[in-house]
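Order as written gives the chain letters A, B and C; numbering starts at 1 within each chain.
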Amino acid sequence: MTLQAFLQVLASGLLMGLLYALIAVGLSLIFGLMDVVNFAHGEFLMVAMYATFGLWLATSLDPVVLMPAVTALMFVLGALAYFGVVRFAMRARTNVGMVQIFATFGLAVLIQGLAQFFFSPDYRSIPKSWLGGKTLDIAGVFLPLPQVFGGLISLLAFAGLYLLMDRTDFGKALEATREDQGAVALVGIDRNRVFALGWGLGVALVGLAGVVLAIFYYIHPHVGGPFALIAYVVVALGGFGSVFGALAAGLIVGVIEALAATVLPPAMKSIAVYLLYLGVVFVRPSGLFGRL
Amino acid sequence: MTHRQLQLVLLSGVVIALAILPRVITDVYMLNVLVLTLMYAALSQSWNILGGYCGQISLGHALYFGVGAYATSVFYASFGITPWLGALAGGVISMLLALGLGYPCFRLKGHYFSIATIVIAEIGLLLVHNWDAVGGALGIQWPIGPDSWVTLQFARDKAPYVYLALGLFVITWLVTYWIEDSRWGFWWRAVKDNPEAAESLGVEVFRSKMAAAALSAFFTALGGGFYAAFVSYIDPESVMTFRFSLLFALPAVLGGIGTLWGPLVGAAVLIPLTEITRSYMGGSGNGLDLIIYGALIMIISLAKPEGILSLFHRNAKPDARP
Amino acid sequence: MSGEPILEIRNVSKHFGGLTANDDVSLNVGRGEILGLIGPNGAGKSTLFNMIAGALPVTAGTIRFNGRDITAMPGTARCALGIGRTFQVPRSFDTMTVLENVMVGGFMRSSSTGAVRRAAIETLDFVGIGGRADAPAVELTPPEKRRLEMARALATRPQLLLLDEVMTGLTPAEAKAGVDLIRKVRDQGVTIIMVEHVMEIVMPLVDRAVVLHLGRLLAEGNPADVVRDDKVITAYLGERHRAA
């Protein structure tokens, strides 16, 4: 591989990695807050993509302009998912883990059904947008503009998260519950409010990724699954609940996947990511950055 | 009569009733639903051994199902070996695979374990997809032959498939029934509830998990072999996707996880509802079947976390801790 | 102490990273005695206890049981040799009944379900919760859970029983019943090591007391002498001052 080609692979991998991190961080946040693995995470991504697509159809505004609206919508949806489903799942006294898995899995299937109902199972895409199809040429390394934009959004989101965790009461509550599940009650904050905010925030973050993805990816009711699986891997590698672990793990996964794509057939490139996960947890059973 | 004898009587009743059904129902569609219900009951009973009794939540059992389906199909389609032996071979391969995978995986806890099972099954799916010797993405078509109990091909009469699926269910039920009251059964439940305490009481925690995994994988593969014979065409997507892994866990969870009757009860509710909504509402691709299916899973798992069976136990309520 | 000790602890140390939990502890436990392992908070009692039970590996030193080196043995194997334990915070198997909980321990000695069940019923009667055999373990009161832990450990037919703060948090009447039960267990020929934080509870019960402080052996001897030992008083006083 020439240096040029290597840089190209590295850059594409890093950009995709930033997007993976953005998809995963909401999942990690929710897990850290309340120990729930959300099996509908991929479907929230899909909803954000359809929301972008639907608003684009209705208003012909560019996805970049629609981003705030979609993100706000996803925030509301996340809070609703908490109040409507997850709150009840957390009340279970037996089989808590299974109840959470299947309540959120049921939600995922329901959302898929709704997507089919409103948009049909067909593949959709946004054929024309400001960024779509354009590339940036930096000394011979070509970077697709939508991905560059996604990478910037991801970095901004992580910077915002950093400020949120560092400066606000909500951030402190989040940090406290990550240390100790009972802490929310101790800090004297309404559990339901913190949890609903956490879900809103987590789903809004995956919504950001959905808008970016809608610019350059096909949209269909089952688009979420493969991304969700990568998100689980990223979250586990980064350590459940760790925000910056998710960023680092996302970047590693993106680069590994891009490197694998140069030697493996395209359909097989995910194998490298899965093997990476297994390799890491077999050596370190709580991920790269997780506490042992 | 003891509680355990009562269970056997109950099983006999259920078996007799189900064996008579194919004589009453002649509608091929309804027989298909019955076959699938019994098959998922058996598969969920197999999953229940590892997930329900031993508490190791595998979300990758599609791997063993796929191995069973592929072993049976390859042996039959390429070498003319009867699916009876093919399924058995698939079972043994799955068992060895489960032991090999269990060795590193059972060091993992909670979500790390579950995600590892998903990822491993996904690797299996991708490998089969790209493995031309077993048909790659195209899959394997079973050669068409006359109806026969040797080749398990029945084109006209679906009743034999009902008996086969029922037989598979009864075997998995009996194995579970027998083990439930033995040392392994007690050890599995102890491992599920509290591995540290189990260890202090002489329970071989690691060996318990391995034994449960091997048994669970074996029967899941038998189910895969049966399914391949039943549909007589398989490809990676139709036997190895993540969806199947969830479908094996779901009946047990809905019916009552770690119980003898949970998988059958769960399958009896879930499978007919899924199949019927799919054929009456999903045909147009409008997603109504998924909406109903998803809502149903959500509602049952939220309303009855201990499973449908708990409705029948007055004293099975967990305590009301503050 | 006469005869060969049932348990010999030789120069055992335990470090967690830079923290020393136990430092060069040596101790013999005689067959049939009730040994009290006491000390203020953070003295390293629980760490030593868990190393004897096989739940924690030692950093240095050896542990022998009946003359046999068990230092590297996991908990399961130690249970098979005859070491039983309870947990400070009871760890019942909550999806099982009380009887089934005890049967798990019984399968250590037999694989016949019927024999194990009969023995478990006897054990439950022995510890005084035979009437609760069919109750789900989650429904037990805290003192009943302590008894269940004991029954479960006894079902493995131990020669040495390790009790981790079984008296803590009991009312005086419950503690009195607990003391009687522990004596009854000893009278069956079981050697007992009990870790307690509060000296007053265990002193009348134990044959010998060992005081740990800051991970080291501070004093050992008959309980009446130990409580008058200046070093022991200072160690406990220090704790009270810190707490105040």
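Here are a few things to note about the model shown:
Rule of thumb we're sticking to: a contact is a pair of C-beta atoms (placed from the backbone, for glycine too) under 8 Å apart; a residue touches a chain by one contact, two chains touch by 3 or more.
Only a predicted model underlies this, so the values are computations on that prediction, with no experimental measurement involved.
The minimum number of touch steps linking chain A to chain C comes to 2.
Chain pair with the larger contact count among B-C and A-B is A-B, by C-beta pairs in contact. Annotation: 48 Å between the Cα-based centres of chain A and chain C. Centre to centre, using the average C-alpha position, chain B and chain C are separated by 43 Å. Chain A and chain B have centres, each the mean of its CA atoms, that are 31 Å apart. Residue positions 95 of chain C are each in touch with at least two other chains. Multi-chain contact residues of chain A (touching two or more other chains): 94.
Residue positions 318, 321 of chain B are each in touch with at least two other chains. On chain A, the positions that touch chain B within their shared complex are 37, 85, 88-89, 92-99, 101-103, 105-117, 120-121, 221, 225, 229, 232-233, 236, 240, 265, 267-268, 270-271, 274-275, 277-278, 281-282, 285-287. The residues of chain B lying in touch with chain A in their complex are 57, 59, 104, 107-112, 115-116, 118-120, 122-123, 126-127, 129-130, 242, 246, 249-250, 253-254, 257, 285-299, 301-302, 305-306, 318, 321.
Considering their complex, residues 53, 55, 74-76, 79-80, 84-85, 87, 91-96, 100, 103-105, 107-108, 111, 113, 136, 138-139, 152-153, 155-156 of chain C touch chain B. Of all residues in chain B, those touching chain C in their complex are 181-183, 186-187, 189-190, 192-194, 196-205, 258, 315-316, 318-319, 321.
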